[in-house]
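What follows are several structures.
In what comes next, subunit A is part of two complexes: it sits with subunit B in the first one and with subunit C in the second one.
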Partner chain A sequence: MAKVVLHEVTKKFGDVTAVDRLDLKVEDEEFIVLVGPSGCGKTTTLRMVAGLEEVTQGEIYIGERPVIDIPPKDRDIAMVFQNYALYPHMSVYDNIAFGLRMRKVPNREIDKRVRQVAELLGIADKLKRKPKALSGGECQRVAVGRAIARHPEVFLFDEPLSSLDAKLRVVMRAELQALHQELKTTTIYVTHDQAEAMTLGNRVAVMRDGVMQQYDNPQTVYNNPVTMFVAGFMGSPAMNFFPVRLTGEEGRLYVVNSGFKLKVPQDKTGKLEGYLGREVVFGLRPENLKTPEMAHDHNPEATLEARVRARAPLGDELLIHAETGGVELVARLTPQTEVAIGQRIALVAEMEFMHIFDKDTEEAVC
Partner chain B sequence: MSVHDVANAKKRKQRATGFSEQRTGRAFLAPTVIILLALTILPFLLTIILSFSRVTFEGGGIQLHFAGLANWSRLFADERLWNAFSNTLILVVFGVSVQFLIGLGLALLVNGKIKGQGFFKVLFLLPMLLAPISVGYMGRMMFDYGRSPINDFLNRVGLEPIGWLISGDVALLTILLTDTWQWTPVMFLILLVGLQAIPKEYVEAASIDGATGWQLFRHITLPLLASAVLVAILFRTVEAFKVVDIIVIMTGGGPGLGTESMTLFAYIAGLRIFDIAYGAAISLTLFIPVLLGIGVFLAVARRYRASTSG
Partner chain C sequence: MVKKKRLLNNAATYGMLLLWALIVLFPLYWVVTTSFKEIGDVFRGPRYIPWVDFIPTTEWWYNIWTVQRRMLLGPVFNSLVIATSSSLFAVIFGTMAAYGLERFRFKFGHMKNKDILLWIVSQRVMPPVITALALFIMFHFAGLLDTKLALIFVYIAAHTPIAVWMMTNFISQLPISIEEAALVDGASRVQVFFRIVLPMVAPSIAVTFLLCFIFAWNEFLLALMLTGGRTQTLPLLIAAQHFQRGPQWWDISVLVTISIIPAIILVVSLQRYLIKGLIPIGK
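Up next, the complex of A and B:
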């Protein structure tokens, strides 16, 4: 096993900067997830670590070794491609064995390892098949099998679950987690699915337009996003954002717009003093908006009124889309809540979970 | 009606729709099939009939008289047939293999990371765009004994000029060279398209797996290129068996009969000497080895593909 370090790595395709001075440190045995919207440079980053893409500037270390000038085969990494890239003309067995054969591993050892891996992944009865005759989930397992049979220092995964259906994706996620528990191989995992990132990663790196926005454990990224982008990207439905003015009365702070006036908790006021009287962005997640019954709270200084525009009952929860002060919001309510479209309802904002962002820099203030 | 009856009725109905759909399908195909038959099978049958006939031209029309195996027994005793056949076979076997290897090499080169890909692509394809007649004339000029640039060059570096088109030992080789110059581009094109259709992930995955140069080619590129290889070789082989145009222009089949191909032989016998029936028999003898060759090749190719793909 080995740690992986990217130091000020930049990749340009002509005029396009796909990755911009990226710093990323993956500890030994860590499982980290690179997440971000389409085109933010995740694949490019992974391919640079693999050696499939040249680095325009910066340095990459695997273990203690700088690897920029080392070809992919000598980097001791294994990669699982988005579309698996199983060799179509080889059987499952040969697909898994290929890397070992190329490395001149003795035949008996190859056979042992292929069977071990197949056992581990539950594909032992499929070894003679060609990839064509496999289901998506089986292909995915073979691709993983091909990667782990070689016992590499580092695993690189590029959206390996994106072509599976939702149910299977959840199953495979759990399997990948279990696999990492067992093998402890350092892993960089790319996805654009924030839920996948939250469940899989020891740490999550959120990227946007080639720039890393935040790199921390999933809870911190979720609870303390450092930018509006991260706040909006992590979590589904996304965080609500309201343009507000920060006002002060008798030593107390309020966020105010045409639809509401909510009191800022005492412990947050310190960081906000500089913004007094200014326009800022107030953020609150859908689960932090509740009906008074749910919240056991009728405090008028934490309550806003909204008109319901749409409702989405999801079985275990009820999402409502509503409007207040000209801004759309989403609230996640208990399924028992009775609301009708067009109705005005009161929502209690759990202000201890509020976020304030600078309107211009979009960075978190608190 | 019992459940059983319902199921049966359903089955009947399915069968009925299946049948009518099939009939509609056939109706749509019919015109194509009829035209194809008229254009290929009829002339072919006519050729067969001709080869068993004696042809006379009395009163302005053509009369066919049944002649049994007369044309055929004469043909197989004709040394000129075996000469033409061996010439053709040499041109096919060496021509196609050399063209394949060069074409593959060029395709790999252009498909790799070289600068000016587009330029080389056009450059390599140029000969293919020329009419065979002009290639023939070019060949004749290039390889002329007295005035050609090639012999002039040999002369200047102090070598004996070569009788490219007039020496019995060399003429067939000269034809082979010219043919290769013209037709390597077809191989190149088919193989290049085949190469570019191989998703680059396979090669990338294999290079991470540790495969290098030759291993990559042997274990990944070549098996994935199999279909293109098949098409290229098949296409060129069939064409090569029919080689005639550049021979007519460059040597006229000479010196002596040194470069006479099957098609040229059939042409001379049938349309110059005007023994149509004999010409028909000759062209049929060309047809049989082509068919056999293709059959063998396809069988081998199929076995190879079965062993490499699912």
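Up next, the complex of A and C:
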């Protein structure tokens, strides 16, 4: 096992900067997730760690070793690809054994390890099959098996679950988690799925346009996003954003727009004083908007009115899309809530979970 | 109604296919039947159906097999050696070049990969007669005239472009991540080529080999320029029948029939790969 360090790593394709001075430190035995929309540079970053992509500038260390001049085969890493990338002309057994054979592991040891891995992943009865005769989930297990059989220093996963259907994805996610618990191999995992990032990572690195936005444990990233981008990207449905003005009356702060006037809790006012009278962006997650019955509270200074435009009953929850002051919002309500489209409803904002972002820099103020 | 229409459609389709098959197969049929005709039947107007129009004879086949066997065996052997070995090397070089052109970036003067590929293929576009004289002089000085080696060299040069072009197309369809997986798994580039890429493109290699083989097997002009009595190939032998002894259609037909056989054997034995090689590679 080893730690992985990226120091000021930059990757350019011609004039396009895919990754911009990225600093990333992955501790030994840690499972980190690189997450972001497509084109954010997360896969390029992973491929640079693997050695499949040259580094334009900067240094990468695996363990204590600088690796940018070392070919992939000597980096002691294993990678799982999005489309599995199994060798189509080899049986499952040979697929798993290939890396070991390349490293001249004795045959008896290869056999032992292949069978161990197959047992662990539940594909022991498929060893003689060719990849073509396997289902998507089985292919995925073989791809993972091929990676773990080698006992590498670092695992690299490139969107390994994105070709699976939703149900299987959840199962495989849990399996990967359990696997990491058992093997404790340092892992870098790339995904565009924020739910996957939240569930799998010890830490999550959110990327956008080649720049790392935030790198922290999933709960912190969710609760305290440092930019509007992170706030909007993590969480589904996304955080509601309202353009508001910060006003002050008798030592109290309010966020005000044409649809509502909400009081800012006392403990948040300190950081906001510099923004008094200015336009800012007020953010609130859908689960922090409640009906007065749910909130057991009808504080008028925390209540806004909205007109329901659509409702999406999901069984365990009810999402409503509504409009207030010309802005769309989403609220996550209990399924028992009775609302009709077109109806005006009162929503209580849990202001202790509010976020304020600078309108120009999009950075979080509080 | 719908059923009737479909039936009619099918009938039309199969009718067209049948017509096309007749057009394609008729010359073959004519050659094969002619090889079983008496001299009189050959010259006395068209005779189509054995035992109805004419009484078949095996005389010419017997003749080739006994009296003229020595005349036949030499050229057949020459053609086999030359076509097989030249196609083999053309496919080996072609596959390697294609892999290089598909997976690495080259700059040769102002030419990049696409230009280099076009340049290689353009060698084949040029009519071979342009180079024939130059090749004759070159091989004369090299002392290689009337050797199998001369034709093998020339055919390798002539068919490598086809192989490069075809294999580039096939290799470009391989998902690159499989090779990357092998690189990460600990394979070197050379190992990736031989252990991962070659098995995956085996069907395409079979197709390419077959095409090169047929070209080499049928080639006439360069063989005429560069060979002599010792290295005569089958197409030359067939043509020579006419030039040396007048239009002896019966002997020519026997030889033509024999000359088609290797191609048929190849196609039948490679059929499994041919179908795979001609359709895009899947998963």
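Following the convention adopted for this analysis, the second predicted complex is superposed on the first by the 366 of 366 C-alpha atoms of A that agree within 3 Å, B and C clash if a C-alpha of one lies under 4 Å from a C-alpha of the other, contacts with A are read in each partner's own complex, and residues count from 1 in each chain.
The working rule: a contact is a pair of C-beta atoms (placed from the backbone, for glycine too) under 8 Å apart; a residue touches a chain by one contact, two chains touch by 3 or more.
Remember, predicted model here, so these are calculated numbers, not experimental data.
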Task: Clash-or-fit label for the pair subunit B, subunit C on subunit A - done: clash
- [ ] Could you tell me if A:102 is touching subunit B, subunit C, both of them or neither one (first, second, both, neither)?
- [x] both
TODO: Once the structures are superposed on A, label A:237 by its partner contacts, choosing first (subunit B), second (subunit C), both or neither.
DONE: neither
- [ ] Figure out whether A:292 sits in contact with subunit B (first) or subunit C (second), or with both, or with neither.
- [x] neither
Open item on the list: For A:130, using the defined touch cut-off, is the partner it touches subunit B, subunit C, both, or neither? Pick first, second, both or neither.
Closed with: first
Open item on the list: Taking the superposition on A as described, I'd like to know which of subunit B and subunit C A:88 touches: first, second, both or neither.
Closed with: both
TODO: Please work out whether A:37 is in contact with subunit B alone, subunit C alone, both, or neither, and reply first, second, both or neither.
DONE: neither
- [ ] Indicate the residue numbers of subunit A shared between its subunit B interface and its subunit C interface, in ascending order.
- [x] 50-52, 71-73, 77-79, 81, 83, 85, 87-89, 98-99, 102-103, 131-132, 146, 150
- [ ] Give every residue of subunit A touching subunit C within the complex, in rising order.
- [x] 50-52, 71-73, 75, 77-79, 81-83, 85-89, 98-99, 102-103, 131-132, 146, 150, 156
Task: Residues on subunit A engaged by subunit B in the complex (per definition of touch) - done: 50-52, 71-73, 77-79, 81, 83, 85, 87-91, 98-99, 102-103, 129-133, 146, 150
- [ ] Note which residues of subunit C are touching subunit A in the complex, please.
- [x] 175, 177-178, 180-188, 191, 196, 199-200, 202, 283
Open item on the list: If we count contacts the way the header does, which residues on subunit B are in touch with subunit A in the complex?
Closed with: 199, 201-202, 204-212, 215, 219-220, 223-224, 308-310
